[in-house]
Structures are given as C-alpha cells and as structure tokens.
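Worksheet: the structure to be examined is printed underneath.
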Amino acid sequence: MTKLIKKMSSNAGMPPGTLISRPGEYPGPVKINIFDFTEDKFTEKDTGSSEDFSSYGKTRTVTWINVNGIHDAGLLEKIGEAFGLHPLLLEDITNTESRPKLDAYDDYIFIILKMLYMKSEYEIESEQVSIVLKDNVVISFQEKEGDVFGPVRDRIRNAKGKIRKMGADYLAYALIDAIVDNYFVIPERLADNIEVIEDILLEDPKPEILQTMHKLRRDMIFLRKSVWPLREVVNSLVRGDSGLFKDSTVIYLRDVYDNTVQVMDALETFRDVLSGLMDMYMTGMSNKMNEVMKTLTIIATIFIPLTFIAGIYGMNFSYMPELGWKSGYFFVLGIMAVIVIIMVVYFKKKKWM
Amino acid sequence: MTKLIKKMSSNAGMPPGTLISRPGEYPGPVKINIFDFTEDKFTEKDTGSSEDFSSYGKTRTVTWINVNGIHDAGLLEKIGEAFGLHPLLLEDITNTESRPKLDAYDDYIFIILKMLYMKSEYEIESEQVSIVLKDNVVISFQEKEGDVFGPVRDRIRNAKGKIRKMGADYLAYALIDAIVDNYFVIPERLADNIEVIEDILLEDPKPEILQTMHKLRRDMIFLRKSVWPLREVVNSLVRGDSGLFKDSTVIYLRDVYDNTVQVMDALETFRDVLSGLMDMYMTGMSNKMNEVMKTLTIIATIFIPLTFIAGIYGMNFSYMPELGWKSGYFFVLGIMAVIVIIMVVYFKKKKWM
Amino acid sequence: MTKLIKKMSSNAGMPPGTLISRPGEYPGPVKINIFDFTEDKFTEKDTGSSEDFSSYGKTRTVTWINVNGIHDAGLLEKIGEAFGLHPLLLEDITNTESRPKLDAYDDYIFIILKMLYMKSEYEIESEQVSIVLKDNVVISFQEKEGDVFGPVRDRIRNAKGKIRKMGADYLAYALIDAIVDNYFVIPERLADNIEVIEDILLEDPKPEILQTMHKLRRDMIFLRKSVWPLREVVNSLVRGDSGLFKDSTVIYLRDVYDNTVQVMDALETFRDVLSGLMDMYMTGMSNKMNEVMKTLTIIATIFIPLTFIAGIYGMNFSYMPELGWKSGYFFVLGIMAVIVIIMVVYFKKKKWM
Amino acid sequence: MTKLIKKMSSNAGMPPGTLISRPGEYPGPVKINIFDFTEDKFTEKDTGSSEDFSSYGKTRTVTWINVNGIHDAGLLEKIGEAFGLHPLLLEDITNTESRPKLDAYDDYIFIILKMLYMKSEYEIESEQVSIVLKDNVVISFQEKEGDVFGPVRDRIRNAKGKIRKMGADYLAYALIDAIVDNYFVIPERLADNIEVIEDILLEDPKPEILQTMHKLRRDMIFLRKSVWPLREVVNSLVRGDSGLFKDSTVIYLRDVYDNTVQVMDALETFRDVLSGLMDMYMTGMSNKMNEVMKTLTIIATIFIPLTFIAGIYGMNFSYMPELGWKSGYFFVLGIMAVIVIIMVVYFKKKKWM
Amino acid sequence: MTKLIKKMSSNAGMPPGTLISRPGEYPGPVKINIFDFTEDKFTEKDTGSSEDFSSYGKTRTVTWINVNGIHDAGLLEKIGEAFGLHPLLLEDITNTESRPKLDAYDDYIFIILKMLYMKSEYEIESEQVSIVLKDNVVISFQEKEGDVFGPVRDRIRNAKGKIRKMGADYLAYALIDAIVDNYFVIPERLADNIEVIEDILLEDPKPEILQTMHKLRRDMIFLRKSVWPLREVVNSLVRGDSGLFKDSTVIYLRDVYDNTVQVMDALETFRDVLSGLMDMYMTGMSNKMNEVMKTLTIIATIFIPLTFIAGIYGMNFSYMPELGWKSGYFFVLGIMAVIVIIMVVYFKKKKWM
C-alpha cells in the first residue's frame, strides 16, 4: 500500500541548510544529463559529479542540467555555488517529503513538484522533482533515474514545436507540463477501479471489496496531497508573480493550470462516488443480513410451535385421552398443517416471503 | 449509468497545441452552418470543411459559424488561421473533458460550456460546446450534430426579439442562455425521481431502491461538476472582465447568472434531501429487521420453555410420580397456559407486541 | 409535504423578457391596491388592471402600488411601460422559482423576497413578493391576495410611527421588515416540533417519528433556501450599494439584517439538534434491538441444553441404566437446576440480566 | 435541558422601536445602581426608575449606570431620551433573543453580550447584557439582578488596578472582560463531564449515557451560539472601528479576544472528542450485540444437532435395530461427545470462543 | 490519555496583568541561563532569580536569557520592569493554556509556542514556551527545565553555522525552528501507530483496537490545536508585519513555515486515513456478525425441521400406521437426508455456505 510518510525528523536541531549525503538509498554515482541549445545549434552530454558547471549560463544558449540523484551532498553544494543558490534551497531538494511549492528568490525561482506513477494496481509511486529556473538555465533534480521527460528531450533533439525557439522559461514550462500531463494516468486508473468495484457491489459484494476500497481511498488521499499544493504553485506562476516567465509562456501555464484543476475535479468526483459506494456496500451487507435473519425467523417460527405440539403427545402420562383416539394422530397432523398455513399467510402479508 | 470520465491522457508529452484527428468517434464529414445578418438582411448557409472563412468578420454583418464536429484537425487549424486563434484554444476544443471555462485573449474570448440532456431516465448525456466571440463573429463548436439552438435560429430567421438589432455579443449571450435554460430540465427530472423514491420509501422500501438512489446521486455529482465552473464563467462575463460584452448585454448575462445559481441551489437541495432519504432507508431497513427479530424472539421465547416441559414428561424414567397422576396431563397443560400468559404480559409491557 | 421545486423550464429558448399569461393558476382578475400619501394627506384606492398608472410618481406624494397576482402579462407590461422597467425584471416577477435577490438598475432597484407561512403543521407555504423602489413610488407584486402587510397599511392609515413622515425608501423597508418579522413564526413552530420529538424519543421512540423528522428536515432545507439569499439582499441594502435608501433608513435595515441572521442562527441550531436527535433515534433503535436479542439469547441458552437432557432420557434404548434408578428422575431435575443457576450467574456477570 | 429559543415573533408588524413592558417575567421595580468616580473621588448609589439621569455625562467624572431589569418600557424610554439613544437600540435591549452584536452609532456604541452560568449540571443559563458606551458614561442593562461584575465593583470601590485612573472605555472593557472570563467555567465543567462519560464508556456503557451525551451536545451548540458572534464583536472593538476605545485600552481588548478564541477552541475540541465518543458508544453497543449473538450461536449450534439425535432415538418405530443394541445408548452418547468436540474446535478456529 | 484542558478560570474577575505565584506545580527556585555573544566573544552563565537584568540589551552583544520556570511572579515582574514589558504579556506567560500567538508591541514582539514531546506511546506532553524579542535581546520562558534547545546552545558555543554572525532575530528564529523541527517526531510516531492498527484490522480486529483509535484521534485533535495557530504565527512573521526580523532571516522563517504546513498536511492525511480505518473496523465487525448469524441460521434451519420430524414419530398415539412399517424407520431417515440435501443446495445458491 502507498506509504503514509517518510522519515522527516532526522535533520532536527541542525543549522539550516545542512546537507546530509544519503548514499544508501540509491547507491551509485549521480548521473547528470546536460542539454545546451539555441534555435540552430544543439549539444547533449551525459556526465557525472565531476562536471564543471561554471561555464553554463554565461552564454546566450539555453541550458538544461538534469541531475539524476540527490544523495550526493558535495555535488549539490558545487551546483549551489556555481549558480549562487541559497543553502535552504539545497536542503529542500534533499528533503523528499517537501510539499509542492514555489519559492521566488531575487533572480531565480525554485519549484518542487511530485512526479507520480502507478507502481502496481493500487500503489502510487511518487518521486520528487525540483526545478531551478535562472536566466537561461534550467536545473532539474530527480531522486533517481527514469522520468517522464522523454518527449521533451525528443522535441529538443528534433527541434519539434517551439521549444528551441523560445527561452528557458518555456523549457521549464515544458517540464512542468510533462509532469502534470502524466497525472491523468492516475485518475483514469482510479476510475477503472471504481467501475470494477461498482459492478462487483451490484452483483455480489464480498468482504474483500472493503480492503480494495480502503486502498483506493488511501490513493486518493495521497494524490490529493500532491495535487492541491501543485495548483497553488501553478496558479502563482500564472499570476506572473516571479517575472521570470514571459507573457507568451504564461498562456501555456494557464493550460497547465486548467489540467491541474481537471485532475482535482476528477478526484473530488471519485471521492463522492467512493463514499456513495461505501454506503451502498454497508447497506448491501445489512440487506443480506436481513435476508438471513428472515430465513431463520421463518423456519424457526414455523417449526418451533409444531415441535412443541409433537412434544406434547410424546409425553408419557398414563392418562392422556387424545392418545387413545383412533384418528388422534391424523387430527394432530391436520392441526399442524393449519398452523403452517396461517404462518405462511402472515409472512406473505408482512412481505417476508 | 453516467460515465465517470473519458480518456484524458492520450496527449501526454506532445507539444502544446497538437491537434489529433479522431475520425472514429463521430464518423462522416463535419457539417458547418453559417448565419450572416444585420438588422435588415439575413443569409443562411450549410457548408462543409471546404468553406473559405477568410471573408467573414471583415464586413459589418454579424456572423455565426456553427461547426458540428471537432474530429477534423485540418478544419480546426484552418479556422484557427482564418481568425487568428491561439493553438492552445484549438486543443481545448478537441479535449472534450475540459471544465467549463472562460479564457480571455487580447481581442477575442473563448468559452467552454457543457450542453446537457437526459438520455434515459437516470443517464445524463453531456456534449461540449466551445464558443469564440471576436468582434462581430461568433464561432461555436459542437461534438456532433443536434443541439438546443433551434429557438435561437428561429429568432434570427424571423427577426424575433432584439437578436438581429444587437451585436455579436448578444448572439453569444443568446447561445449561452439557450444552453443554461435547458439545464432546468434536469433538476425537474431529478425532483420527480426523488419524489417517486420518497413515496416508495414511505410505503415499501425494497433493496432495489438503493441502486436507484446511487444512480441519482451520481447524476447529481455529474451535474454539479458541469454547473459549478459554469457559474464562475458567467460571473466573470457579468463582471465584464473581457470588455467584449456591451453593458446592455451584461444585464441579460446577469439573468443567466441568476439561472445558474438557481440550478445550483436546486442541486444542493436535492443533495440534502437525498442524503435524508438515504438515512430514512437505512433506518427503515433496521426497523424491519427489528420487527423480524421481535417476531422470532416472541415465538422462540414462548415455545422453547413449553417444549422443555413437554420434553421432561417424555422421559422414560421408570419412577416419575407425576406420570401416574390422573390429572397430571391437564395439570401440565395448565402450567403451560400460565407460562404463555406471563410471557404475553411481559411482551406487552416491553411494547414488543 | 413541502414541494421540492415548481416547473421552471417552460420558458427555455424564448427571447429574454417574454411574458406568459398563466391565468389558470390563480384565476380571476388581478386586484390592485394603491396608497398615495404625504405626511398630511392620504388616499387609498382598490382598482384593477384597467388603472392608468401614468400619473403616479410625478407628484411629491409617496405612492404604494400593491399588485395581487402576476398571471396577467398585459398588466405587467403596462406597469413596466408606465415606470420604465426592464423587460427582464418583468420576467423575473412571473418566475415564481426565483431566488431572493436584489437587482440595482440605473434609477430603480428591484427586490425579490419570499413571504412564508406555516400552511399546516409541517408544511411551509411560500409566496414570492417582488418590490420595485423608484423615486417616491413602491410597487409590490404578490402571487395572490392575502399578505402580511396589514400592520403596515394600518400604520399608513393612522399615521402611526414615522411611516407617513419618511419617504418611499422607508415604506420599502417597512414591507421588507413585515415579511422578515413573519419568518420568526416558523423557527418557533419548528422549535416546538423539535421539542415534541425530543420528548417522544426519550420516552418511547416509534418508527413513525422518523417520517416526522424527515418532514422537519425538509422544512429546514426549504427555509434555509429562502433565508440565505435574503441575507445577502438585506446586507447589500445595508451597505447602501444602491443609493436609493437614505442613511436614516439604513439604520432600520441593519435591524432587519440582525433579524435575518437570527433566523439563520436558529436554523443552524435546529439542524445540529435534529441531526443529534437522528443519532439518538438510531441508537435508541439499536438499544431496543439489543434488549430483544438478549432476551432471546437468555431464554434459548438456558432451555436448549435442558431440552437436550430431557431428550436424552426420552430415548427408547433398551439398555439405559439411569432409567431404572429409583431417584434418576429427581437426580436429572437436580442437574437441570444446577445448569440454570450457572447460566444465570454467567448472565449476571456479563450484565445481560 | 437548555431551552432552544424564546418567543421572538410577538413584535411582528409593529413600527420599529416599539417597546413593550413585560412586567410578568421578572416582577418588581427595576433596581438601578450608579457609580460615579474620578481617580480621587467615588460615589455609589442604589436607586430606581424615578432617578433623574439628565445630570450624568455632563461632568468629567466617569459614570456607570447599571440597570437590573429590562421590563419597564417607560424607564428605558427615559434613559433613551436622557442620553439620546436610538429607539431601535432600546428595542434591541428588550429583545432577549438578540445575538451578541456591536452597533456603532455616531457618538456612542452599543454592545449586546450574553452572561452565562451553569444553572445545574447540564443546563446553561444565559442572561443578556447590553452595554452602551458614550463619552464618559457606561450604561449596562441586565435582565435581572445578580451578575459577574462583583470584582469590578470592588476594584472601583478600592481603587485597585488602573480602573479609576482610566476612562469609561476601560470600564466598558472591564465589564466585557468580567463576562468573558466567566465563560471559562463552562468549558471546564463540560470537560469534566466529557471525562466522566469517557470513563463510563470504557468501563460499562449504559443506554442512559446517550441522553447525557445529547444534553452535552446541546449545551455546546448553545454555547457556540453565544461565543461565535461574541468573537466578531470583540474583534471589531480590537480593530478600533468605533474610535471610542483608546489605544491603551485596545491592548486589553486584544487579551479578551484571545480568551474568546480560547473558549471557541475548547468548544471545537470538545465537539470532536464528543463525536468520537458517540462513535465509540455505537461501536461498543454493536460489540456487545456481537458477543450476545455469539453466545447464542455457540449454544444453539452445539445443542440443536444433539437434540436432534436424541429425538431420533426417541421415535417409537417398532423396528429400529440400534435400540436393541446393548451398548447403543453409550455409543450414541459417544457420537454426541465427538460432535461437541468438533464444534468447539471449529469455534476456537473462528475465534468465537 | 492526553488531558483535555487545564484549569483556566482561576483568574476571573482579577484586574488584568495580575500575576499569581504558583510555587506548588514545579517547586524549587527558577533557574536562569544567560548567553551573551558577538561573532568573536561568548559568555555563558547559570544564575537564579537574584540576577540583575538591567545591564543586558544596552551593549552591542546579542543576549539570550532562558528562564526555566514561570511560577515565580516576583521574578517575572522584575524582568518585565528591566525590559519594559507590558503587564498583560507577563500574565500570558503564566497562563499555560494560551494558544500559540504573536503579539506585536511597539518595540518588541512576543511569541507563545508549544513544545511537544511524546511522553508515552499515546500521550503527548505539551510545554508552553514564550519568547520575547527586543532589539538584541531574546528572552525565553519555559514551564520547567529540559527543552529542545540543546543543538542551538551547541551552535552558539562552537560558533557553528551563522548563529554568532547574525543578530537576535536569527537567534529567535533558531529557537522557533528547533521547536517546530521537533514536531515531526509526533506525526512519525502517529504514522507508525496507524500502520500497526491497519495491520491488526486487516488480520484480526479486536474490540480493544477501538480504544487505541480513540486515543490516537484525541492526540491528533490535541496536536492540531497546537499546530493550526502556530501556522498563523509563523505566517505573520514571514509577512514581516513586525519589522524586527531582517529580510535575511525571513527567508529562514519561510522554511519554518513550510515545515509547519507539512506537519498540518500529515495531520490531515492521518485524520482521513483514521476515519477510513474506523469505517473499516465497523464494517469488519458487521461482517463478522454476518458470519456468526449465517452459521446459526444454517444449523438451525437444517436441524429444526429434522427435529420436528423426529418429534412426530416420538408421539405416543395408539394408532400411528407408519410406526408399524418394517422399513418405516429407514424411510424417515431417508426423508431427513433429502431435506438436508435440499437445504444445502439452497444455501449454496444463496452463497451462505
């Protein structure tokens, strides 16, 4: 099941901006991928933590530095120095429990987002992506290799669309857009799951369905936790608070905003539908119980009096006149039949049968 | 049942503004219907995707271009170029999962609305209508043929009301108004359904009613999803943010706004009433259960002790003095009668009978 | 029970401002009552739809035109022309499903309110009152004859209070105040009903109480639907947005506002209390059920084992040594007594008895 | 139990500002207590409705007029005239169902508060206190004698603290503070009650606890109704909207505001805890039910089959071979023992025993 | 269990600013710890209530006075006089039920925070910390010795980080940061507890789990009560309302703000998850009940008719033809077998077996 929270308290009491190398989590050296392009030219480079970053951002080319791994404190400090980033920003990058947020510094902005996948049918995997936009440089930090930026890379490589014609702000938008577009996979999967549950509930509700619903509910809580603050982030980008995004790019961000709201909308709808399904399950269970109880009541109520009558004539008193009657046995059987008929009529009237 | 969501993720990673032709969904060529009128003159024309749009909007006449179908990417791009529309706008038109929204561009505004019908008793059908208002041109895009604009067309043809005297903004208002007026059919239908459910619940609640309530609930969630953002759209039109609507038209938009709020109000009322009915159903079920249990308890509690007594005197011990008593049998029957009377009195006191 | 909604969709697609005569609902000619007064003089006149309205509002006298009936479209149009009212305003008057609202036009304001009565014990009757205030003329439109303005008429006739000394705005205030004052009757009635329910629940909850609570709940939903928007209306009058109300009158409107809030407060309180009562009822029911089940369990658990023992010695095996014992019968009776004692002690310990 | 509402509608239709003498409720003449002081001098006077108020407020002394009783309309009108108070204000004083509110007039402010006591263990008594602050005069109106101002009177008499050094605004603050300080008694009592309920629920939940919880819930609703608007009142005093409170006094009002928020906080906490307790009670009940049902099921399920077997061998067929077997009886007893063992193992496995 | 509230009403009616010595609660003299430092120099001093505070704040050094104990009214008044603090501020320090809040005075600000520990597994301990920031002096008041400031002291002693280079505002930030960082321990512990509960619920829900969930719920309510107002406090520091925090420090406060929001976020998530678990528990219980009932119904429904048949042939009528049949006994056994088979098929079809 989706984990509730990760450890957050290990930094307590440290001076702010303290970076801790956590090589254990994702071992191996950090891989860095650098794109450097103008409308005409384009270079791509795979490098590591030994790279010298001081040359980037000085020329007119747009540079995208993608860092795959945040566990190498030394590397982060080196990048921080090269581009003049605040120590707190670097600390935020390594805190993978950060909420999506936008911090505007004097000449750069810092965005934290969550990249979401469906890891298995009911488990959402979340990876934190931090993006720094400064002049004509975009630096993105991921927890590990593997991301949703493939199509963006292709568009840069092939000069598809406007991505090579516009500045670093458009590149930053393209990354955010790629992340948000990918969110749609999750509500679609959730919608499928909800419809499966709905069908099961209408046909044959089993207790196991309850756990499935609980998992689904947890997934939604988890997703909402990522999407709600994201909306604020994108909204403040749209409002143009930072000044680093050009007007022509803000139109595109408005589109991202609409997408975010659409995901949130879907989530709210699911929540309502799921809580309705929960009610339906509960009521379905108590309907079943009712039916069980009715069966028991009908059988018991019919046969208990009959058994009593049979018990009467099973008594061994020496003087019981009916026992000597020739047709006593059949008379008693007749009385029993009458009782059964009366009972059945009563149950029919009560709509229990 | 009303579908939860349609596929939304197929565009993920594409450059923004990418249009995809989806001829499969609504096959056949796109039909276009063009009205061109002033107060005195009026022409109407049915055409197709081969139409040349470059001449519209240059003269003083008011033009309404109604496009029935959004699956022809080439046509959309052609229209986009003819009127200088932003690529993102065209992408929004083809995304039929968009929320109702208003996007104001420099010299035109773009509105997305949902046209709603009751397809069957509990299934609401939704069709997206996109409206572009630019100077004296109104372009409307529908997913397929068939709409609620019939009366508007008649008013144009017959110069009924003010529609031919006022500008394109009034025409846009008339389209929005026609869509919103049609919303009222749905709450009316829902209200009828709720009243039917209410009657059934008061007379004879059956488990099937639960599914009907679930469908109704889903319809409301669906309707609210369309109406809530609509209210924002109309509200920002009323506030006159765009400048394209004249003051004389804004008074009419205020009326549309009131209607929207009225629909929302009705929805909220239904929601409250429906959740009250749900409670009533649940309690009704447990009342029934209570009655069943009481019957069982009364029968079992009366007859189990009697059967026990009969069992006693059915034992075959060689020395059981009562068996030899002459009136032993009648004495035991008397004791049983006394027990029954005590029980009945007890149940009467407990108000179980 | 209070009706959920009235038909609203019959106007769909019509040009805005279209008036439809609905003579069927409240047949008969429309009665009009006109007061015309200054501090010193006063005339009162009962007239009909043939009245010529052009002379009113031209002199310095304050005029109150009260129209009893909104089904005569011709009359409404005549009044609209005489005082220069917008066609949409006239349409709103005839739409009896409008929410309470305030529309400010250039030189007049238009207010829609709901006049509420308790028609029977649990049925609230609502009648729409529309008020137009223009210079020194107040026009009020009611659905039918019979209203809560009697005391206001008396104050005008007898020159009681300030009503003859102050302008048309004070008259409009007096009408609104009369309507809102009458609202208090309903929470009082509801409070009485709630207290009756409370007593019944504490003494002897019957399933019928559930329907009563449902009706009460529906009444509250209905009342809230009228009162919430009313508050906004009065509040915007208090804020003096319109300019037609003098400062000296606004102080009185503030009082109306306080009253509205007080009604809303009472409603919220009732809602909380009623939902608490619902819980209490549910729990009361399951307590009763518990008691029933306990009785059954005690009886069954005591007697089933005893009956089994009796059954054992009722078997007809040819060799059963106990049957021959002299005191076998009494020994078995003794064992049974011991079992009963053990059971009773167990139930006492479990607090089931 | 705390009363839901008092009669509010008796004034309906009257001209605003109409005062009604209600001598019935608190009979006897109205007692008035007047303090008049500067830093050095101090006079105290008990008087009645015959007092002449025209001399107060003309000198530099601070005057506090405390009126114990609001049922004498003549007296209120006399005070109103003496200090130039608006008729609506006087009407508000007599309407004991007013919400706490602050009305700012040109040169005086008018505050309505609720003085709260615990009348009995679960019954909160509320008394309305109205305070008028004008220049150097404070007039307070109570429904009846007996209040929480004792310590304030002592501080004036003994010149304790700053009360004699500061103006009438500080005196008004001191009265408000005394009222709000007293509110704390109620949450403390409620907290005690909640903890008692908690203990009972954990030990031995009885149905009676439900009524206690209902009373507690009602008390909280009642208290919240008094405290929420109070917060707005104090807040607008702190914001200094009126201008009658000096900055040095506003610091103290900020403290009152904190106290109000603290009471509200406590209430919200209690509400959450109480609703948790409700859930616990409900679940506790259904746990008990479960246990009862299990006992019944175990007993019935074990003995019903055994009784059936005994019944078989109690049949009187002439040819039943087993009956003649020498060890038939013991063989049957053995089979029964085996059945019991199987059943017990099954129940252990199911964790019902 | 975490206590609901402490006594708050003991000050009622006292003049504002009254300090009461409460030596009983934490006996012994108050220990004071004073740090005095610049970037180069540093002195540390442990002293008591006899300290003379008049010399601090006059020089350019940054001074941190940490007071361990708030029960010595004389000491508080002495400190108040030395630094010119308002009497209400001193009263707030001693009221340990204050909400977290920020009061800005002319030349100093006053902050109340809660220091939280996990005392035992489900009991949160809260200690109030008050911080005064004035020029280059920070005074902190704790209820008793023992705090979370250890790492801050080390950083001062060892000149680690920027703490010795920056001013008193940074020191105040460092204290707030240490407190908030420590909050993370609690959601982590809560998350662990929730996951344990989840596992238990999925495996074997026992009634005892209910009390654990209730304790957890109470803890969350308690934590939220501390964290919500804290967020407002930190937010108004970030907005720089006070002017005492330099811009370079505000960046760090923004970080504290993010942490606060993160804790709140976690709390909301837990709340949702816990309420989902509650539902799961309830449904789990009623599933179990269902299973119990089904078992009872199956056994009873199968054996009650069989026992009845056996009872029939246990009757002692003199003329019962079947009794004489040679194979009567086996015939009856066969009929019983058929009945059992029919029953089992029926139950299989109903999915009860």
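A, B, C, D and E label the chains in the order they appear, each numbered from 1.
Here is the rule we use: a contact is a pair of C-beta atoms (placed from the backbone, for glycine too) under 8 Å apart; a residue touches a chain by one contact, two chains touch by 3 or more.
Everything quoted here is computed from the prediction, not taken from an experiment.
Bringing subunit B onto subunit E by least-squares fit of CA atoms involves turning it by 145°, to the nearest 5. Look at where the CA atoms of subunit A average out and do the same for subunit D: the two points lie 42 Å apart.
Centre to centre, using the average C-alpha position, subunit B and subunit C are separated by 26 Å. Contact with two or more other chains is made by residues 286, 289, 293, 296, 300, 304, 307, 311, 314-316, 320 of subunit B. Chain contacts in this assembly form a single closed ring in which each chain touches exactly two others.
Round the ring, from subunit A by way of subunit B, the chains line up as A, B, C, D, E.
Only residues 1, 4-5, 7-9, 11-17, 86, 88, 91-92, 97-99, 101, 103, 204, 207, 210-211, 214, 217-218, 221-222, 225, 278, 281-282, 285-286, 288-289, 291-293, 295-296, 299-300, 303-304, 306-307, 310-311, 313-316, 320, 322-329, 332-333 of subunit D touch subunit C when the two sit together in their complex. On the subunit A side of its complex with subunit B, the touching residues are 148, 150-152, 155, 160-163, 177-178, 181-182, 184-185, 187-188, 191, 194-195, 198, 202, 251-252, 254-255, 258, 261-262, 265-266, 269-270, 272-273, 276-277, 279-280, 283-284, 286-287, 289-290, 293-294, 296-297, 300-301, 304-305, 307-308, 311-312, 314-320, 350-352.
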